[in-house]
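Same chain, two partners: chain A is paired with chain B first, then with chain C.
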Partner chain A sequence: MDTVSSLIFSAVTIMTPLLLAATGGLYTELTGMLNIGIEGLMLLGAFSSVVSLHFTHNIVLAILIGTGSSMLLAAVIASITLYLKANVFITGLAANLFASGITTVLSFHIFANKGVVTFPELPQMPVLFERGTEAVPVLGPLLFGHTFFTYLSFILLFLSYVVLYRTPFGFRLRATGLYPKSLISVGLSPKRYQFIAFLISGFFSAVAGAMLSVNLGAFVPNITAGKGWVALVVIFLGQKRPVGLLIASFIFGISEAFSNYAQGIWHIPSDFILAIPYIFTLVAIVFYSIYDYNRQKVE
Partner chain B sequence: MFPIVQMHSIVKVYPYTLLKANDHVDLTLNEREILSLAGENGAGKTTLMKILYGMEEFDEGMIEVDGKKVNISSPLDAARLGIGMVQQHVTLVDEFTVAQNVVLGKENTVHHLLYDERKNSSKVATLIEENHFSVEPDALVGSLSVGEKQQVEILKMLYRDVRVLILDEPTAVLTSQEIDALFSTLRSLQSKGVSIILITHKLHEILEISDRVAIMRQGAMIGTYETSLVDEQSIGRMMMGETAAVPAKILTSIDSDRIVLSVDHVSIERHNQKQPLLDDIHFDLFRGEILGCTGISGNGLGQLESVLLGELPISKGKIFYHDTILSSEHKRARTREIGLPFVPSDRLYTGSSLTAPVSENMIATSREKFFPPFGIRKRKIQAYTRQLISRYKIKSEPYQAIGTLSGGNIQKVILAREIEKVKDVIICCEPTWGLDASSASFIHEQIIKLRNSGIGVLLLSSNLDEIISLSDRLLIFSRGAVVARFGVGEVSTMTKESLGPFLLGKAVRVKRGKM
Partner chain C sequence: MNKKIECYNPVIYMLRSMVGLIFIVFVSLVALVGFSYYLSETPDKTIYYFFNGPFLSLYDFGNMINMAVPLIIGGLGISLAFRSGSMNIGGEGQLYFGALIATLTVIALEPLGRAGAVIAIFVAMMSSGILAGISGVLRYRWNTNVLITSFLISNAVVLIVNYLITGPFDDPLTNLFSTQPIPETAELSYILPPSNLNTSLIVAVAAVFIIHALMYRSRTGFELRMYGDNPRFAKYAGVNVMYYQIMPMFVSGAMYALAGSLSIFGTYHATIKDFSSGMGWNALAVALIARYRPFAVIPAALFFAYIESGARSAMLYSDVTFELSSIVQATVFFLVSSVTLQRLGLKKRRI
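And then the complex of A and B:
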């Protein structure tokens, strides 16, 4: 593969967990809740799915256990936030700290290892449409030869668009964030929709986390490495629209892929190169804000 | 006439203030009738209706619908019983279309799954047509006028097949054409079998639209009357009520050279509306007098308070304190900035900070005395508060949150705080509203004491007994204008009955020249 193709290819691999987590976070964001617990939900999902895959050797069961545990944690955040009226920022932070603690403790308990736990017996995740990658320029690496997680992320994004914009549930969920009194006035509970949104966010975060650990065939402490936070940025950069999420997560993917590539080629401090994705995001946000400001001025 | 809704002996007490919003209130709504629920602000009308709609819990009492005892604990329960309420504030999503807002929570779907844009839109279109509304089903709600938004709120309820429709002050924000349209809608709904409760305090609207009128005052139900058997005066009197006797006045003449406050041809115009909110208000306040201003709610007294408090900019005219300009065209009055004492009518939110201690509330408008360049003089604040607490007979401790006090004691704290700052003028708005007789007469004594020591008191009050017994001179507001002026010696000859025609704007008495 040439440089451009391999850059695009790895950009898609990098963007997949971001897109998944951001799609889930879109639900909570649209109900007006800032879900900063995504990072912790991803981490717990990553740990529990790869460990259960190790024990069951059944990828479907593994993902069910992974998503189940993250949704349980999401339900706890949501209950404390919505019904006991704790600050959503604090409960989200608590979930992140809890996830990072519990995965280390359990990993030590089960594998007597606080560091990297590898599962060499796990098979490589199969890639789909492998032959298409090199056959078509640009679109090939973009669309073909990825694991099923990538295709799942595209399908779930499309499904989420349908759910959010084309179903009664979606209308009520968005009304919750836009003007909760509209639901109260007809006897619906905004909290119920916020709770469901948290569960959905837990599900998506877990799938995103599972991709990280299962693809690697190992659990590394703190394997999510801030991806949950980046997913939040993706939501805002993507203007809280499904298509926006796709574009924003690709921007992140391509800039991180570029920074990985540049590390081996350029002789400039690696700290700077590793900062490229973030600098890129900052520039993108600034340009977008200027564009948005001008557009509003015209209106 | 068959009763559709009956509320029996409803009691609702708000925590903190222990204000009895509803005190053993009974209400009956008959089938196919338009019932007005009338009363001054704070009489408990909205609370009673929110209880019926399941948005407020109540402490005692019972509700029957169709003669059966029901339990209404949420708007969903109310909707199941066919009861709908159009709130005073909009409950619509600006980003959604009219149809999307109307069907929210009860959407038509394709295969129980997808939102059916076409069917929802056409159902709402039919509903719009049946009721002769003017909105488009696919218009974004954010682009609608206030009147149109209200149509959407009513549609939202009609879509749910309500038999009982409650409207909370629906005319407050409407133009007169919009009010006419609303009333014809209500009449056609009535003819289709809907029973309607209209919360309002506008007397002419009550007579125009309703079959019966229920009148509330200070949390209690005064009575329900056939509208054909009452007139505006008797309704107005029942809404305002009688209060305890107050001390007689002493002053008989005014030192007219000593103007402290001067309101000079002040008007507030509204966008696209002929009738201004305040119409060429013009008066002077002298030292050593109590100048009373009164009127029925919604006739300009509230706007005058907002103007003097600096909440509302004026469109025309000027306001002076001695030679200082407090306000001029398109500006907000600087009353608070220059520190003029002011007792606002809203003692709970404007007048105090409910969760802050009494001591902090006590110094809120004279902080500079207690804040040296560094730090806060806590001990001095405590001592100062204790001194005022005993002088004004306030039942509290300095560290108590003011929200835990009774209404009378909260008002005494505010009065004490403002009186301590008095130089030569004080503005008091509804100073005894909702208070028990002893707190009220204590506050009246304080006001008279101020006047006797040569202070100019501007008293805005809708309590006629208070206004007649305290005022040296009196201005009467109707539809935003001063329609009558009474000078020294004239007020004491007035009675509530003789003021009636002026309050209703049916008689005018304006002397030539500046009074």
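And then the complex of A and C:
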């Protein structure tokens, strides 16, 4: 593959977990809750799915266990936030702290290892439409030859669009964020929709995390490495719309793919490479807020 | 007549408002005991060392107090910032960066001796203050979310500091990734040998009084709290919006730098890679538990230090890992902001 194709190809691989997590976060964001806990939900999902894959050798069961555990944590965040009236930002941070603690503690308990746990016996994730990658320029690496997680992320994004914009449930969910009292006035509970949104976010984040660890065939401490935060930024940059999420996450994917490529060429220290997503996100957020500020001034 | 005149007794009110907090601490310790029984082969030993470890020797006890010092100082800055509505969550980077700047400055100013150390701390406070202040300026100018910008800047800075410590400023004489040691004249003296407790404790206690006076006994503090409670009201009342969006960020960043540089001068004597990992978050949690009241920051910081050092001795004498402490801390974090729990002991307000 030439440079451009391989850049696009790795951009899609990088953007998949971001897109998944951001799609899940879109639900909570639309109900007016800032879900800081995406990072922790992803981390817990990554850990529990790869560990259960190691013990069961069944990918469907592994993802079920992974999503189940993340949804449980999401339910904890949501119930404390909504029913004990806690600050959603702080409960989210707590979830992140809890996830990083519990994964390390359990990894030490099960494998007697706090560092990288590799599972060499796990099979490689099958790649779909492999022959298309090189056959079609630009669109080939964009669409073909990825693992099923990538296709799942596209399907789930489309489904989310349908659910959010074409069903009564989605309408009510979005109304919760815009004006919660409107739900009360028709006899519905906004808290219930916020709770469901958190569960959905837990599910999506867990799938995103599962992709990271299962593709790697290993669990690395803090494997999510800020991806949950980037997913939040993707939501803001994507202007809280499904198509926007797709574009924003691709921008992140291509920028990270490029910085990985640059590292190989110019021998930039790895710490700088790790810092690039944060700096890039910062610049994107600042530009977005300038744009938003000027737009509001015009209105 | 249905109305009863309630006597307001500050002591009883305080005790009642503590009920929720005690409940939260209780739940987190129950979580600890539960996890110990699940994870440990020798749960009795784990629990014994977790609870009693910090009190077994003067060394452990002094180290526990010493661990609380940066949490107190950082927590004070966060109390001030959060009280005014500036959500500075970039403490990790601000502390680490401040520590590195202080170390490098004091090494460069070695001939000045003690004065060099004071200048170094000042320089560190200014630079971390500016680092945090950037988020405040962005918020003032374009209404950018402080929470996100401070976090992103901090994460990038942590990585860049890591690069500087392992790369250009690495001391080849040590096996650790760390800078050169600071000159001996700049080291703080120990109060409770053999432990690491040092004179930075005095700075921390003094800082409590200063921040309290600033927040509750000055015009600035009054305006700051007003801005935190209701920015729009404060704006119409003629409060300088720019000042209260940028100053709290600057102060909290500077306090984090103070915490970082004092732990270098008192405890570590060089900026070691990842020495401050988690300190920024813990200081933030301390401020939240204290509900932004400077005097409550001390017991909250001691509680956090107690959990950390308990986990450390449980790790040394039993078979659990240190990260057990973060589960306990997370439990506290989960529950601490809950309004329902905070009002647990208080009578329901009649509206």
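In the analysis below, the second predicted complex is superposed on the first by the 266 of 299 C-alpha atoms of A that agree within 3 Å, B and C clash if a C-alpha of one lies under 4 Å from a C-alpha of the other, contacts with A are read in each partner's own complex, and residues count from 1 in each chain.
By our rule, contacts are C-beta pairs under 8 Å (C-beta built on N, C-alpha and C of every residue); 3 or more make two chains touch, one makes a residue touch a chain.
Small disclaimer: the values here were computed from a predicted structure and weren't measured.
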Tell me which partner A:Ile285 touches in the superposition: chain B (first), chain C (second), both or neither. second
Is A:Arg166 in contact with chain B, with chain C, with both, or with neither (first, second, both, neither)? first
Touched partner set for A:Leu139, first chain B, second chain C, both or neither: neither
Which partner chains sit in contact with A:Phe108 here, chain B, chain C, both or neither? Use first/second/both/neither. second
So, A:Lys181: does it touch chain B (first), chain C (second), both, or neither? first
Comparing chain C with chain B, which touches more residues belonging to chain A? C
Identify the residues of chain A that lie in both the chain B contact region and the chain C contact region. none
Which residues of chain C touch chain A in their complex? 35, 39, 87, 89, 138, 142-145, 147-149, 151-153, 155-156, 159-160, 162-163, 166-167, 281, 288, 320-321, 323-327, 329-331, 333-341
Contacts from chain A onto chain B in the complex sit at residues 162, 166-168, 170-172, 174-175, 178-179, 181-188
Once bound in the complex, which stretches of chain A touch chain C? 76-77, 80, 83-87, 89-91, 93-95, 97-98, 100-102, 104-105, 108-109, 114, 226, 229, 232-233, 236, 269, 271-272, 274-275, 278-279, 281-282, 285-286, 289-290, 292-293
The chain B residues in contact with chain A across the complex are 54-55, 74-79, 85, 87, 89, 91-96, 100-101, 104-107, 109, 113-115, 156, 160
